[in-house]
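The two complexes that follow have chain A in common; it is paired with chain B in the first and with chain C in the second.
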Partner chain A sequence: MAAAAAGSLRRAGWRLWRGRAGLRCQLYAPQQGLHASAALRRASEEQRKDPPPSPSTQQQYDPQQTDPHPEQEAWNPQSSYTGQGGQQSEDYESEEQLQHRILTAALEFVPEHGWTAEAIAEGAKTLGLSAAAAGMFHSDGSELILHFVSQCNSKLSDLLEEEQKQVQLGEAEKKPTDQFLRDAVEARLRMVIPYIEKWPQAVSILLLPHNIPSSLNLLTSMIDDIWHHAGDQSTDINWYTRRAVLTGIYNTTELVMMQDTSPDFEDTWRFLENRVADAMNMSSAAQQVQSTGKALAQGLMGAAVTITNLTGLNQRR
Partner chain B sequence: MAAVAALTPALRCSLGRRHGALSAPAGRCGRRPFPADGASLRPCSTRAALNGINKAVVDRIIRVDHAGEFGANRIYAGQMAVLGRSAAGPLIQQMWNQEKEHLKKFNELMIAYRVRPTVLLPFWNVAGFVLGAGSSLLGKKGAMACTVAVEESISDHYNNQIRTLMEEDPEKYKELMQIIKQCRDDELEHHDIGLEHDAERAPAYSVLKTVIQLGCKAAIYLSERI
Partner chain C sequence: MAAGLRPGRALLSRRRGALCALLRAARGLAARPETHFGFQNVTEAERREKIYQVFENVAEKYDVMNDSMSLGIHRVWKDILVHKMNPSPGTLLVDVAGGTGDIAFRFLNYVRSVRERQLQQKLRNHQNLSWQEISKSYQEEKSNPLGDSQVVVCDINKEMLKAGMQKAQHLGYSEGLSWVLGNAEELPFDDDKFDVYTIAFGIRNVTRIDLALQEAYRVLKPGGRFLCLEFSHVSNPLLSRLYDLYSFQVIPVLGEVIAGDWKSYQYLVESIRRFPPQEELKAMIEDAGFLKVDYQNLNSGIVAIHSGFKL
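Presenting the complex of A and B:
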């Protein structure tokens, strides 16, 4: 049972660590963070005195550490000079994993406290760490939001992968593009619903200048993911126009969702359906204009040749 | 937006991450717990190609090569537009066909590695055609001089890329290197054909060559990044 608990903790930690990938550039003052986390680890290890869980946790962490060893090496030297000593690096959870765990635990306090350091402090407390753990993070709650967004993006990615697998195995029908886009955007937006009360706060924090690079990065990679799974194989300027259009649809639908009061957000999904239909119409209209233009040009050339023939202008005298 | 996405791999590298580990942003098809080789790229159903590669480097390579082949296509199209019905027509057509093959190959690579095309493609579209047509207005020798200049630039560039990939990991990038080597050999062949057909006797050959090669260098620099 302890093994199962440690196992699920390990999986959660790894998942978060993975999702943390998008936040690499967001570690503000990593030095002070490391000091704080080192102090916390000492405190938490003293707290986790129960013999059964800790040896098994440590043992289970061992094999895990050797797997992505190259990445761990990059971090352990840095954490070791906070005074923890290299000897503990084997059963040592990395800085990132710890932050992941804290942020994930903090999410359940968001509806109450908002996207703030208080929520992070509460989350740290549920993990048995001191509330000072919130000091590891920026005071405006940006990391919490970025962590959440990155988690949602990974969940969406998993979902789309699953769907793709099912279609390949023949267990499901391949959806038409507009249906696929609608479902993908809806699935992604539904992940925000539990936090919808405080979501406007999150969006405004994400628009702060120091957050824009990472939030933009997360947004673009999510949109690229959706298009990739929708089967987009463009290698020209269409690559950009498609992603720009979908980003517009996603952002406007998100805004509509934030002030939608209909049951189960029906109005939002209807808005989404209309926007996707508009986008499809726009692209087919653009194609029609192009082909009409070509036909027109050909027609004019034909007319010009006919006229020169009729008037004899093409004959050399 | 695209510039930011291109910057973040560099930022991540600067934070001491092993290359390939987390060079793909989160949320992209490319994350999964316990990657066997330290890479964060998920073995998606058709994404076996994406495992364990240095995404940032491969991204750049494919993007710039795709742009290059696209530009070369347009240059030959411009040359054909002017000289298509002259004696040099069939020769230029033959070289153009080989470039079309290259472009097709890079299109496939671009899709397989999920690389973003350069945003300057419409610009290279026009610039390439204008260069091809403009140099052909100086006659067949002008067209050949343009070919020689461009192909020399491109083969140097391909050689640099092959060197980079060799330094990274020859085994992992074997297929990609193979394709680049083949393209480089074809481009060298075009270069030699150009020289054979009196490129050096074109008017203002050295000036033409220098200017075109400077343009190519700028195009390569920009396409890698934007």
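Presenting the complex of A and C:
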């Protein structure tokens, strides 16, 4: 009861603050009265009328915005109203962005609650929303996992871009392919380490039928990304074989990592090294087989001609 | 009460209602705020009065009639609603037009079992607990079985609340439950108070739905959820014919036989037909300011659950 009273006092306080914000934002849509939640309603109406605002159009609405990444964080009508990550106004944000924010906040509760709706509810609570906001997502936590995976993939992508830029600028040496693949896969798998205890649960949820399209999509785009940055420019069957091989390496290494208990996952990285080496050998082995086959075929042809000559069956000469 | 409505004249009343609608259209907009009570047209004040009387009459036999009319399926509908809500312990629920407390009881059961599971999970995760810690967690379970969740049942009708309170006593629900007399168009609560707002089979009886939706928006916390369970529009033509047949021929008869009240159940089935269909209600909810509004049809449209968030 005391908690509820404190909560309502706090909310009354925020309401006053937001009411002031509502007063100053009167130029936007004076139809509603100066209701405490008028700002939110106005913003949601505006969003429904216009298509979801791009960052550039958002710039027009708020010249005082201090955050350089408007699409990542919500932003405030005046600079004095900046909460330190907590009770920020969601007024000018689309639903998607808010969902992303909730999921990102939920990630820190995953080690405790697992990849579940409870973690999402806790995440929503840290943003100042009610726990009922977790109802926006599926109750098995799939959106949380997909969000995390796509976040990791974009982090990996940024990392690879950085490396490429450095190589272009001449600050770093261009790595040989196997080293590059090893480093990329290791970097990507290291992002999973903080959640490694609940990761098996995540993998099993990603394999549910209704999640397979999205998870497969994320996996293939990540592998494609790695190969692209590794400098793959093949246009024949190699394109497919390379990606298939790397997907296999990635998946098996992930499985090994999940039950690896060595310090800093040394066994996993050694396993990865061996698999990549196998893959490289496989391609040279394939070439060797091809050339051996050719040589063998030539040899057999030659032997056949010699025999026909010797036995006099070859009447042509 | 309902002038001209005699038992067995269901069809006649429908034709009369259609005629009235035509006349009204011909006359143009009426001067007083005209609204509907079943297939009649009445003023807003009259409608409120009539609906109050309907529920006053049916309050005692409400649950029995629900079971007989829907063949017990209403229990499944309400279970699905609470499952969709998926409340976590610590949730504050306001059940408006909650009358006899069906949703409130289900909510309390759900939250109690989630809380038990949470405590069990906590015990299982910590493997080196001392005896003190284990006994403390058992005490926690006994002292706070609901995890601070609360439900407020709000209804405009005193008789329905009385029936609900008696039922709660009978079934043994006492903790985390409170009963408030209030009008959905003007809730006696502060702003930003509740996590979830539900209205099950009640929004049909509200005279100004838009006001009720605005009130719902007001009392919900940011991030709060609005859930509405209501009879809705059946699109499948065959099912629609069967449903109409059942509604107009069987239900009022059941009402007369079981509760001794033909007219109230006549009102019930007519009000279902006058209620806006799914998409229209969705638009109204969006107008009140809710985001991510969506609906789920149960039994191919006989009942629909609308859900929206205050973001």
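Note that the second predicted complex is superposed on the first by the 205 of 317 C-alpha atoms of A that agree within 3 Å, B and C clash if a C-alpha of one lies under 4 Å from a C-alpha of the other, contacts with A are read in each partner's own complex, and residues count from 1 in each chain.
Operating definition for what follows: a residue touches a chain if its C-beta (ideal position, glycine included) is under 8 Å from a C-beta of that chain, and two chains touch if they have at least 3 such contacts.
Note that the structure is a prediction, hence the values are computed from the model and not measured.
Participant: Would you check which partner chain A:Q233 touches, where first means chain B only, second means chain C only, and both and neither mean what they say?
Facilitator: The answer is first: A:Q233 touches chain B but not chain C.
Participant: What is the contact status of A:E95 with respect to chain B (first) and chain C (second): first, second, both, or neither?
Facilitator: It touches chain C, and chain B stays clear.
Participant: If you stack the two complexes on chain A, which partner ends up touching A:S139: first (chain B), second (chain C), both, or neither?
Facilitator: second
Participant: So, A:H210: does it touch chain B (first), chain C (second), both, or neither?
Facilitator: A:H210 sits against neither chain B nor chain C.
Participant: Tell me which touches more residues of chain A here: chain C or chain B.
Facilitator: B
Participant: Looking at A:K174 after the superposition, I want to know if it touches chain B, chain C, both of them or none. Which is it: first, second, both, neither?
Facilitator: After superposition on chain A, A:K174 lies in contact with neither partner.
Participant: Contacts for A:R270 in the overlay, against chain B (first) and chain C (second): which applies, first, second, both or neither?
Facilitator: Touch partners of A:R270: none, neither chain B nor chain C.
Participant: For A:K294, decide between first (touching chain B), second (touching chain C), both and neither.
Facilitator: After superposition on chain A, A:K294 lies in contact with neither partner.
Participant: Which parts of chain A are touched by chain B and by chain C alike?
Facilitator: Overlap of chain B and chain C footprints on chain A: residues 11, 15.
Participant: Could you please specify the touching residues of chain C with respect to chain A in the complex?
Facilitator: 84-88, 90-92, 148, 190-193, 195-196, 217-218, 220-225, 286, 289, 291-292, 307, 309-311
Participant: Can you check the complex and tell me which residues of chain B touch chain A?
Facilitator: Of all residues in chain B, those touching chain A are 1-2, 4-5, 7-8, 11-12, 15-18, 21-22, 24-29, 31-36, 38, 40, 42, 44-45, 66, 107, 110-111, 114, 116-117, 119, 121-122.
Participant: Would you pull the chain A residues touching chain C in the complex into a rising list?
Facilitator: Per the stated touch rule, the residues are 3-4, 8, 11-12, 15, 35-37, 40-41, 44-45, 48, 90, 95, 98, 117-118, 121, 124, 127-136, 139.
Participant: In the complex of these two chains, what residues of chain A are touching chain B?
Facilitator: Listed in rising order, the residues are 11, 14-15, 17-25, 27, 64, 67-71, 74-75, 78, 150, 153-154, 156-157, 160-161, 164-165, 168, 213-214, 216-218, 220-222, 224-225, 228-229, 233-237, 239-240.
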